[in-house]
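Here the chain labels run A, B, C, D, E and F in written order, and each chain numbers its own residues starting at 1.
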Amino acid sequence: MNKLVVVITTPPFSNLSVTAINYIETALKLGVELVGVFFYQDGVLHANANAYIASDEFQAIEQWQKLKQKYDLALHLCITAAEKRGMTAESKNSIDELFIVSGLGELVELTSKTERMVQF
Amino acid sequence: MNKLVVVITTPPFSNLSVTAINYIETALKLGVELVGVFFYQDGVLHANANAYIASDEFQAIEQWQKLKQKYDLALHLCITAAEKRGMTAESKNSIDELFIVSGLGELVELTSKTERMVQF
Amino acid sequence: MTTLHIIRQSAYTTTDFEQCIQSLCMNDIIVFIDDGCYNLQHNLISTIDNSKKIQLNVMKKHALARGIIIDESIINPIEMTALVALTFSNDRVITWQ
Amino acid sequence: MTTLHIIRQSAYTTTDFEQCIQSLCMNDIIVFIDDGCYNLQHNLISTIDNSKKIQLNVMKKHALARGIIIDESIINPIEMTALVALTFSNDRVITWQ
Amino acid sequence: MAETIENSLAIINSKAPYSNTAGKDALDIALIFGSFEQAISLFFQGDGVWQLIPAQDGASIFVNDYLKTFAAFEFYDIEGVYVCQKSLQDRNLNEDFHIKGVQLLKQTDFAKKLAEHPHILRF
Amino acid sequence: MAETIENSLAIINSKAPYSNTAGKDALDIALIFGSFEQAISLFFQGDGVWQLIPAQDGASIFVNDYLKTFAAFEFYDIEGVYVCQKSLQDRNLNEDFHIKGVQLLKQTDFAKKLAEHPHILRF
């Protein structure tokens, strides 16, 4: 089976995230094995539980949730990149529970297991 | 006296913030009247109280603090832009107290009072 | 051994597409998505070496949303399923963003 | 009535400096700061209309930090105090970033 | 050269509409200035001109289409809406826009019109 | 064409070093891959080549100068460090770098070397 890792480095505020999520959903529908999604740089903002996006705009986090209900999905967050942007896994938890707190070591792991890597 | 408004739209993680703060400090030293600083777009991340920046890197927030101790400085934050990025003025307060929670109406006000506006 | 090149930005604003063109090998595939769709009329397209037999595709939905007309004699309009298929029918992917 | 143009990006990566050049009026002032310093050797500089008498400056510290040599016969190296002064000696400021 | 409009703000729109928030962020400023009756003009240059072209359909790619709000410019007292002719030509675009009242300016006129404003922000 | 190095990652550095975090973010990945003995190569293209030139002094503008870490590439088992010759020429830069072992590649060779890697990220 085709194995895929997606690395997301762009923020969730724009239409770029619609494309990334659409790509992943399409891959899953086609039976691609998604080894994992890794969020890095501004991509970590996808996991920000406190972000308020106007209700008439695309809610990336809801879409991740929907995908995760339907498929087995590992969403890894680079915690260093997240902390730089004011997100924390500690007391004032600001990371949505859909996401797994990881580090760059996880990217090494994902790379070793996948056939293809795509950056969005 | 020369009146100045600075609008900051770039994030604090890079050397761009060093330049902005250096410009403002130099203006204040030269006796320019700083009507206010307005943070918009990714610029609002300057006010993120929870951001963790490695100790060997430039700490923008410390520099704003130093400036504010020395000069009368109004640091206005566009709250809509901040909330989009997971910052909130409510219970889980994540906005540093150096900054004033404002809206775009404040930018109208600042514009009407200044001689020059500079974007960084 | 071919590469899938995904172009996400307008060449009128950034030089990413230009760098992509410099990195093409024989039979590589280009797909314009997102703001990359604005490049369909950019003259950089004519600088692509014909002998390399590069296939040009565009995400149809992304182009139409931007009011861009697709000249199908030059560019092949595709759907998202095709982009996923191209991910695996080529040997690697570079996203120019 | 002149404008101070602050250039913060490399013209090798984005087209901001090109748009700046298209927006110049007589006697306008350009200051290269941050990554704008990389433009000192860019051939866009030679496309600036001589008759407009545009004065070119560069933030000396920013250029030196980037290992860029300043040719003082073309570009005037300045300090931050001069940038603040230029803010008020011109009538408006545009930041191209 | 024309007189400066006192305290007026010019916004240069330089980004295409969907892949980032620049256009929407600029629009939000324009509407606030308009509603406070503070003079504001909008300039479209570079890829910013794509914000004005017709037959766009953001909804089809799940964009909340802020470009539709441009039709309200006249109600908000936006002083002027200017587009750079050269930027259109560079992109093989016609002088055809999804709103009325857009003023097409040659390069030198675009620069001069911009210089009538004491304050300028660029998005 | 050369064989693919199994599971190796290539990183294309396309940004100048100081005005954004791209170069540092790429370096962090490279060092982790190196320390896990996972094959990794670094490519410098476009404004990325500025990361390699000598006589830079980030400290003078308060940058924590991550470029100095480049000297440790050999200890971290970085497979190769490649620079695009055309990008240097476009910027009137000499073939002179602040680290050893940089391989200068003509445009076609740069593309081919890149194509030896199954995974590619660009920063």
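Everything that follows uses one rule, which is that a residue touches a chain if its C-beta (ideal position, glycine included) is under 8 Å from a C-beta of that chain, and two chains touch if they have at least 3 such contacts.
From a predicted model like this one, the values you see are computed outputs, not experimental measurements.
Any chain bridging subunit B and subunit C, meaning touching each of them, is among A, D, E, F; the list is complete.
Path length between subunit A and subunit F in the touching-chain graph (shortest route): 1.
With centres defined by CA atoms alone, the chain at the far end from subunit C is B.
Centroid analysis (C-alpha atoms only) places A farthest from subunit D. Measuring from the averaged C-alpha position of subunit E to that of subunit F gives a distance of 39 Å. Centroids built from CA atoms put subunit E at 34 Å from subunit A. Distance between chain centres (mean CA atoms), subunit A to subunit B: 30 Å. Each of residues 14, 18-19, 21, 46, 58, 61, 63, 118-120, 122 in subunit E touches at least two other chains. Within subunit D, the positions touching two or more other chains are listed as 8, 12-13, 15, 34, 62, 92-93, 95, 97. Counting partners per residue, subunit B has 9, 13, 15-16, 19, 115-117, 119 as the residues that reach two or more other chains. In summary, the structure contains touching chain pairs A-B, A-C, A-E, A-F, B-D, B-E, B-F, C-D, C-E, C-F, D-E, D-F. Remark: subunit F residues 7, 9, 21-22, 25, 28-29, 32-33, 36, 38, 118-123 touch subunit A in the complex. Remark: subunit C residues 6, 8, 33-34, 59, 62, 80-81, 83-85, 87-88, 92-93, 95, 97 touch subunit A in the complex. Across the interface of their complex, subunit B is touched by residues 18-21, 58, 61-64 of subunit F.
Across the interface of their complex, subunit A is touched by residues 13, 45, 48-53, 83-88, 92, 94 of subunit B.
Taken together, the subunit D residues at the contact with subunit C in this complex read 12-15.
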